[in-house]
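What follows are several structures.
After this come two complexes, each holding chain A, first together with chain B and then together with chain C.
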Partner chain A sequence: MTAPPAGVAALLALADQRLPSGGHVHSGGVEEAVRGRLVTDGPSLRAFLHRRLLSVGRVTAGLAAAAVGLTAATVARLDAEADARTPSPAQRAASRAQGRGLLRLARASWVGPHVDLAWADLGARPHHPLVLGCAARAAGLGAGEAALVAAYLAVTGPATAAQRLLGLDPVEVAVATLDLGADVDAVARAAAAVAVAATPPSGWHAVPDDGDPLLDLLAERHAARGDRLFAS
Partner chain B sequence: MRSRVEVVADVEDDGTPVLARLRADGALAVRRTGPSTVHLVGTAAGPLDGDVVELDLVVRAGARLDLEGVAATIALPGPGDLAATWEVTADVADVATLRCAPQPIVVCAGARLRTRTALTLAPTGSLDLVEQVVLGRFREPGGTWSGRLVADVGGVPVLRQTQTSAVLAAGPAGPGAAAARSVVSRLLLGPDVPAAAAATSGEAVVCPLAAGGVLLTAYGADLATALRHVEDLWPTTPVAALPRP
Partner chain C sequence: MGLFHGDDPHAHTVRTGGPLRVGIGGPVGSGKTALVAALCRTLSDRLSIAVVTNDIYTTEDAEFLRRNAVLPDERISAVQTGCCPHTAIRDDITANLDAVDDLVERFADLDVVLVESGGDNLTASFSKGLVDVQVFVVDVAGGDKVPRKGGPGVTGADLLVINKRDLAPLVGADLDVMTSDADRVRGGRPVALVSLREDPAAGPVVDWLLAELEHHRVHVAGAAPAGAPHARA
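Coming up: the complex of A and B.
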């Protein structure tokens, strides 16, 4: 039997948008932002992505970092902490749909996250950052790396969606995301530091919980439409 | 300056509401204005940067407390490096009700304010909380604000949310959009809060929370519009309309 995927290559794979975990059908609010003419071009996209990084990016980075230390006994608590940080039902559904997709892939790649946790312990529809943290752990990665992937995906997923919706120059979109690289690093580092310092499960209240009423609003407006292209 | 308000609402065996504790010092006073109603009264300007305000509210089993304010709170800049903090801690026991609807907090240009609201409810406790923040006075840029709202019911996390002036000011403005200078959050928890579907009205959204209860959030260029959209989505609640004992 070949060794399970591990190390930096596994990190890159987890952050790769070609990973068949279902992320490509989610726009992270961009479709509704485009419809409302909030995002129309490269500069407005960059501004939107930055704002998303400061809320969703921080929260998912913190949860992914915390999930690296997950045990069967603490799954329910971290799941509740994720729910409590996601007031919008549409965003909760999007997170769980992507979690389920990533879980299917993780099951096929690794026997389990670690000895004290089986994939089945996460339930059928876990939040995406929780699966991400567990997959990072399975690949021998740490909280900082899990947070980095989460923060990166909070930016790159919507960036790709915007490119498809607006027909933007791919170079311009790539530059917008590369331009946010230092911010992604900083968000991931800070979120991971808090998550690592927290003693689970009660200490998880300190995991970042930055919310954004704009993203909640966009998510719910989007969910109410019948003619949408993306699932979120 | 440190200011501290302590209110403990209880109920006697015959149903008479009592305030087992009602005290305030520093820049705030409290006045009992009804059987279970208390008004906050600012007695000094501020908070200024570095000031600490603590409101400690306890509603014992079966009791009710309505906390209101008489005037907006104006957070002003001050010397030193620390932000002002405005911290509300509330403990709501079983079959108890807290309605907490103080007047808005205005964060003036140059002021730095952290607001923190930590709510702990027993499984059958009820809450109707309204928080209103305005960034800047008329024709004035806003100060720096971060507000955290944390709620646990029966030991289960229900809401963890931090909003910041930085996030509100970030991002694309959109066509004709004015800066989000006013934010209204309304949190309703408890067994009597009806099930609701997510909905939006203008820049307001009502979100049914995973663990029960609803959160309404609205933002806008002015407070009146934000409040109107919240009212559209959730007309003043059954909890607030309960007959007083």
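Coming up: the complex of A and C.
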């Protein structure tokens, strides 16, 4: 039997949707997609999740991987890179809200990400992938693992939300997530490779910048509603 | 606290200082929002109060409180619970903690923050990470068997409020059965039998809250600020 690599337990904890960092109140655009009848069943959910992985998933995986090498001097630059890749103000707010939640948990778990960076250097409301990369570093994980968690969460967050909103068969939703496994791996590997090869901070322009106007639009329409179940 | 955490390995989770945080939970329609409104009306002239609501569609309860002008708008914050009101007060309290922290930041003089849960079932209860004390509200019209059925809310809450006592004769509920069942499952912790319609000032609940606030001020708020995270890395 091959022993699992060091840090796998921490990796599982960071990817666990029960991690109390506020993710369960965010649908990643699914609530609005359900309202607009873009997502109505298992197959349309699969298409949505794949599309989200190839935009939000790529970007957050790249940012999380880059954040593993963050220092106090480069926080502002990576924060700006995250903003630049998140044109929708509603999505920025959702990312920063979840970053704030994860930061609360990370502060309680680890004294700091590493010797060149304190939690306070991230500010009060950092983007979620930045905190995720720093938490991965604190847990002894690397860029590849940080990217993997980010890409995985880009899929599982909306999947769970859709299950609640549509009353889908939970096995069907879980199978959809598992079927995307190879794609999640590939997105994470590619994003981490770019982030590791980049010389911070100027090289960070190469971090994936895939966008999806549909997701931006869904986020903005959702934020304008008064009768939301999810925060995003 | 600094470097010294005493004997408690989880000292970082023990919050000291700040306002008294009161959770108000209970089934749909039992009178949670009416109780919050009553507490605000009765106490807002002598205490600095803020409210966090957790409703199905975000704003229903917050709008009720605003319409009834029991507090200025900026003291009422509505949290989205992602279809799971119970998760938001017990399993992952992040969104509620953020709302409370924002209110504390905005109003430095806060005495009390009321966190009203979304309508839930008898298994609902608040995490101790979110609130200092919790009230569970049931009502007479829900049936006089509710206290006997128990559940974490009925048995574990610091105060059980049995609301709508005025309806007992109309729904055939026996108030003596309700209070004696409640006493039995709660090990003697307080039970308030009220009618918010007949007593809009919520007298017994106000008295309980003021006593809890006094206790909080003496035993918690006067202590040192929250400690640093403990080392693990």
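As a convention for this text, the second predicted complex is superposed on the first by the 226 of 232 C-alpha atoms of A that agree within 3 Å, B and C clash if a C-alpha of one lies under 4 Å from a C-alpha of the other, contacts with A are read in each partner's own complex, and residues count from 1 in each chain.
Definition applied: contacts are C-beta pairs under 8 Å (C-beta built on N, C-alpha and C of every residue); 3 or more make two chains touch, one makes a residue touch a chain.
What you see is a predicted model; the values in this text were computed from it and never measured.
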{"item": "Partner chain(s) touched by A:Ala223 [first = chain B, second = chain C, both, neither]", "value": "first"}
{"item": "Touched partner set for A:Ala47, first chain B, second chain C, both or neither", "value": "first"}
{"item": "Residues of chain A touched, compared between chain B and chain C (which is higher)", "value": "B"}
{"item": "Partner chain(s) touched by A:Pro87 [first = chain B, second = chain C, both, neither]", "value": "first"}
{"item": "Which of chain B and chain C A:Val111 touches, first, second, both or neither", "value": "second"}
{"item": "Which superposed partner A:Arg35 touches (first chain B, second chain C, both, neither)", "value": "neither"}
{"item": "Contacts of A:Arg189 with chain B and chain C, given as first, second, both or neither", "value": "neither"}
{"item": "Chain A residues within the chain B interface of the complex", "value": "33, 36-40, 44-45, 47-48, 50-51, 54-55, 77, 80-81, 83-90, 92, 205, 207-214, 216-217, 220-221, 223-224"}
{"item": "Chain A-touching residues of chain C, taken from the complex the two chains share", "value": "12-13, 56-59, 79-84, 87-88, 91-95, 97-98, 229, 231-233"}
{"item": "Residues of chain B that touch chain A when the two form their complex", "value": "148, 150-151, 156-164, 166-168, 170-175, 177, 180, 183, 198-200, 203-205, 207-211, 215, 217-219"}
{"item": "Footprint of chain C on chain A - complex, ascending", "value": "18-27, 97, 100-101, 104, 107-112, 138, 161, 164-165, 226-231"}
